[in-house]
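Alright, structures below, take your time with them.
What follows is chain A paired twice: with chain B in the first complex and chain C in the second.
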Partner chain A sequence: MLTSDYVPGDSIVHRARPLIKVGLLFLVCTWLFVQEGWPSSTIAGLILAALFAIARIPPTIIVAAIRPALWVLGLIFVAQLFLADWRFAGFVVLRFAVMILAASILTLTTRTSDLVDAIERALSRVLPARSAEAISLALSLCLRFIPRVRGIFEEVKNAQRARGLGTSWRALVTPTIVRALKSADEISRAITARSPETPAGRHVR
Partner chain B sequence: MTNDTTRDIVLIALFAAIMAVLGVFPPITLPLVGVPITAQSLGVMLAGGILGARRGALAMILFLALVAVGLPLLSGGRGGFAVFLGPSGGFLVGWIVAAFVVGLTIERLWSRLGHVNAFIACVFGGIIVLYAIGIPWIAFAAEISIAQAFVGSMPFIPGDLIKAVIASAVIVTVARSYPIIASP
Partner chain C sequence: MIRLDGVSVRKGDTLILDTISVDLAERRIGIIGPNGSGKSTFARLLNGLEWPTRGSVRVDGAPTDRVSALGKVGFVFQNPDNQIVMPMVDEDLAFGLRKSGLSRSEIGERVEAHLERFGLTHLNERRTHELSGGEKQLIALIGVLVMEPAIIVLDEPTTLLDLRNRRILVALLDQLDQTLIIVSHDLELMASMDRLIWIDEGRIRGDGDAGDIVRAYREAIAAEPC
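This part shows the complex of A and B:
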């Protein structure tokens, strides 16, 4: 579940620094709205096609990246056909497709860990060390909590089933959350007890 | 880090994780309107309603940051920067404000929290405020009017009302058995 869609490669698109890719994505998407129309969207689309070719992303993966948005884009296209004309409808949908694919190429050619590292490094330059530390702690805790919460949920579900209770949302969610909160409080006590900065830890040291 | 901030960080991380777990449930499609309903916006109401405004909003920021860096945590296994630039991007960013407003409303109503009050908080923050952010983005990016975008989003309202009912019941029960907001 926790695997991103990274496509391994050694192209210049892969090797570019993650934050430069994020910056370019931001610039392109802004440009698509400032200079809105067929020309900007077509140019961006062509550049994007070239980047996909350079990065050697298989076409099936490109299709998979745009597929979740397809039905909404179809809906918008039909709405714009009625409101304006086919040219305008085409432009609006093309711009969405270009933005979605431009963002996808960032995800497809950048390892999640590299992106996280780059963001953490950038944040530590801007924020005080303590806040940057708090953010890293929150990120790693969250990734560890995901399997734990799923485990608690499965246990609660089995327990309800054993008692012959139906699987109503409320009967499942409430005990799961209460148990997850208790487990979270145990973890914060454990972190606090081991931290040398807190009074409890100081006298141990 | 003080003990309080450690606890805050752990709780924020927990609710970001709960959001991810809610994304695993397959969307339920409403028979009448045929719109998929995901469990994830339930998590938005729960985060604000259980953790309060500040921590609830930070849990959403943490979750969305993990989505942005490419983890497929949104329902249907979606993730990466692309989802923010798609038609429903405004709703995703709106989750942050929605969790904040649900939390703020619950905090204000804390001393007389009941099912009705909690439901109002969930509807106000988790539906009205959320749509007030999500709809303008669709309208802007799809070049349609706010009214048209509003009509297009209407089919999601029944599902969101069901989620507000579930969320408010959970918020009230948790507030009685394991309160987080009022605890020192």
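This part shows the complex of A and C:
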């Protein structure tokens, strides 16, 4: 979910302005919480299905978008079974699934650079330009490096398994964080090197 | 031309580079030396990623704390995974040009022209995290080339590549008009340079014809006890 899996296309969903898509996402998520119940979530789900079809997003990619959240949805379902009943548990899970898919259609049909430009333009109306730029760059880096951090985690997990430390969370988390921070340091150097006119961290006159 | 004048770099109690004075004017300059000798620090000084504790580094007369100097020197990092910062290839290649004053269409045209020049247009709409190691290294290099710097510094560009991708990268480097300063352990590549500088323990131990320096370097390493 919310990885950088943009699917190129020329549909009306792809061509819609990124800020309109962000605004609609915000409205849909708010509406789903205000209008609690099966009908609102079902209607939103059907509209989303239509949008996925219009955007010609392959089902495998839609499944891949929600797969990482399945265990969280499962936990929520079980918790709600104990706290309420199966009907309410089903409704809560459906609502979250619809929200995740709504967020996914945004990232699947919008180039990160377009999204970041739109957010930067919007933020620059209320924030100083440098702050707006920094926030939008941070957002794009998050999208780019989710797969990278996941890759580091997998490498560390395999290395620890090979050494017989498969169940040790400390042995898993510590090197992952250390490697991610080391990468972050090198990435910030690379951004500096690639942006001679915005020399963050360099003493430029 | 890049001029280092009495440059020292100290980190804590460790002297990384010790009073280096050198002019870099040849078209292909190699930097060799053992691990921890100060090669990468030397390279990073050249576009202001590192700052000398003493002395000065100037690019065409301008110190590396000025934008006019920084724009002339591009830098390719050893690990392209840390250099590629956008999710899609075309977005990443356009990254450095965001604040260049070029319009979106001009940026797009320049990116496409560079991909076409090196026969890599098929990568244009690929996701960067799905590229192979060799493709990532090429995209990292093209991300620097689109900025059209006069000088490109490459920090161990062939270290993570297999033989085939190494050959592709070396062929690509041969096509470039820019001045190249390459830090590497790849002695075959280093032997083809116009000039080779051998750095050891923060000092220049050899500087001159690439063939002679590679020979002297090999002999020195062979003579060291294991």
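Please note the rule applied: the second predicted complex is superposed on the first by the 124 of 205 C-alpha atoms of A that agree within 3 Å, B and C clash if a C-alpha of one lies under 4 Å from a C-alpha of the other, contacts with A are read in each partner's own complex, and residues count from 1 in each chain.
The definition used in the following text is that contacts are C-beta pairs under 8 Å (C-beta built on N, C-alpha and C of every residue); 3 or more make two chains touch, one makes a residue touch a chain.
Given the structure is predicted, the values throughout are model-derived calculations rather than measurements.
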Partner chain in contact with A:141 - chain B first, chain C second, else both or neither: both
First (chain B), second (chain C), both or neither touched by A:69: first
Which partner, chain B or chain C, touches more chain A residues: B
First (chain B), second (chain C), both or neither touched by A:8: second
Which of chain B and chain C A:119 touches, first, second, both or neither: first
Which of chain B and chain C A:106 touches, first, second, both or neither: first
Which of chain B and chain C A:46 touches, first, second, both or neither: neither
Chain B versus chain C as contact partner of A:194, first or second or both or neither: second
Residues of chain A contacting chain B in one complex and chain C in the other: 4-6, 112, 141, 143, 148, 187, 191-192, 195, 197-198
Chain A to chain B touching residues, read off their complex: 1-6, 22, 25, 29, 65, 68-69, 72-73, 75-76, 79-80, 83-84, 88, 92, 95-96, 99-104, 106-107, 110, 112, 115-116, 119, 130, 133-134, 137-139, 141-143, 145-146, 148-150, 153, 169-170, 173-174, 177-178, 180-182, 184-185, 187-188, 191-192, 195, 197-198
Residues of chain B defined as touching chain A within the complex: 1-3, 5-7, 9-14, 16-18, 20-21, 24, 42, 46, 50, 62-63, 65-66, 69-72, 76, 78-88, 141-144, 148, 152, 166, 169-170, 173-174, 177-178, 180
Chain A residues within the chain C interface of the complex: 4-6, 8, 111-113, 140-141, 143-144, 147-148, 151, 183, 186-187, 189-199, 202-205
Complex contacts: residues of chain C adjacent to chain A: 44, 47-49, 51, 65-67, 70-71, 74-75, 77, 79, 81-88, 91, 94-96, 98-100, 125, 127-129, 143-144, 147
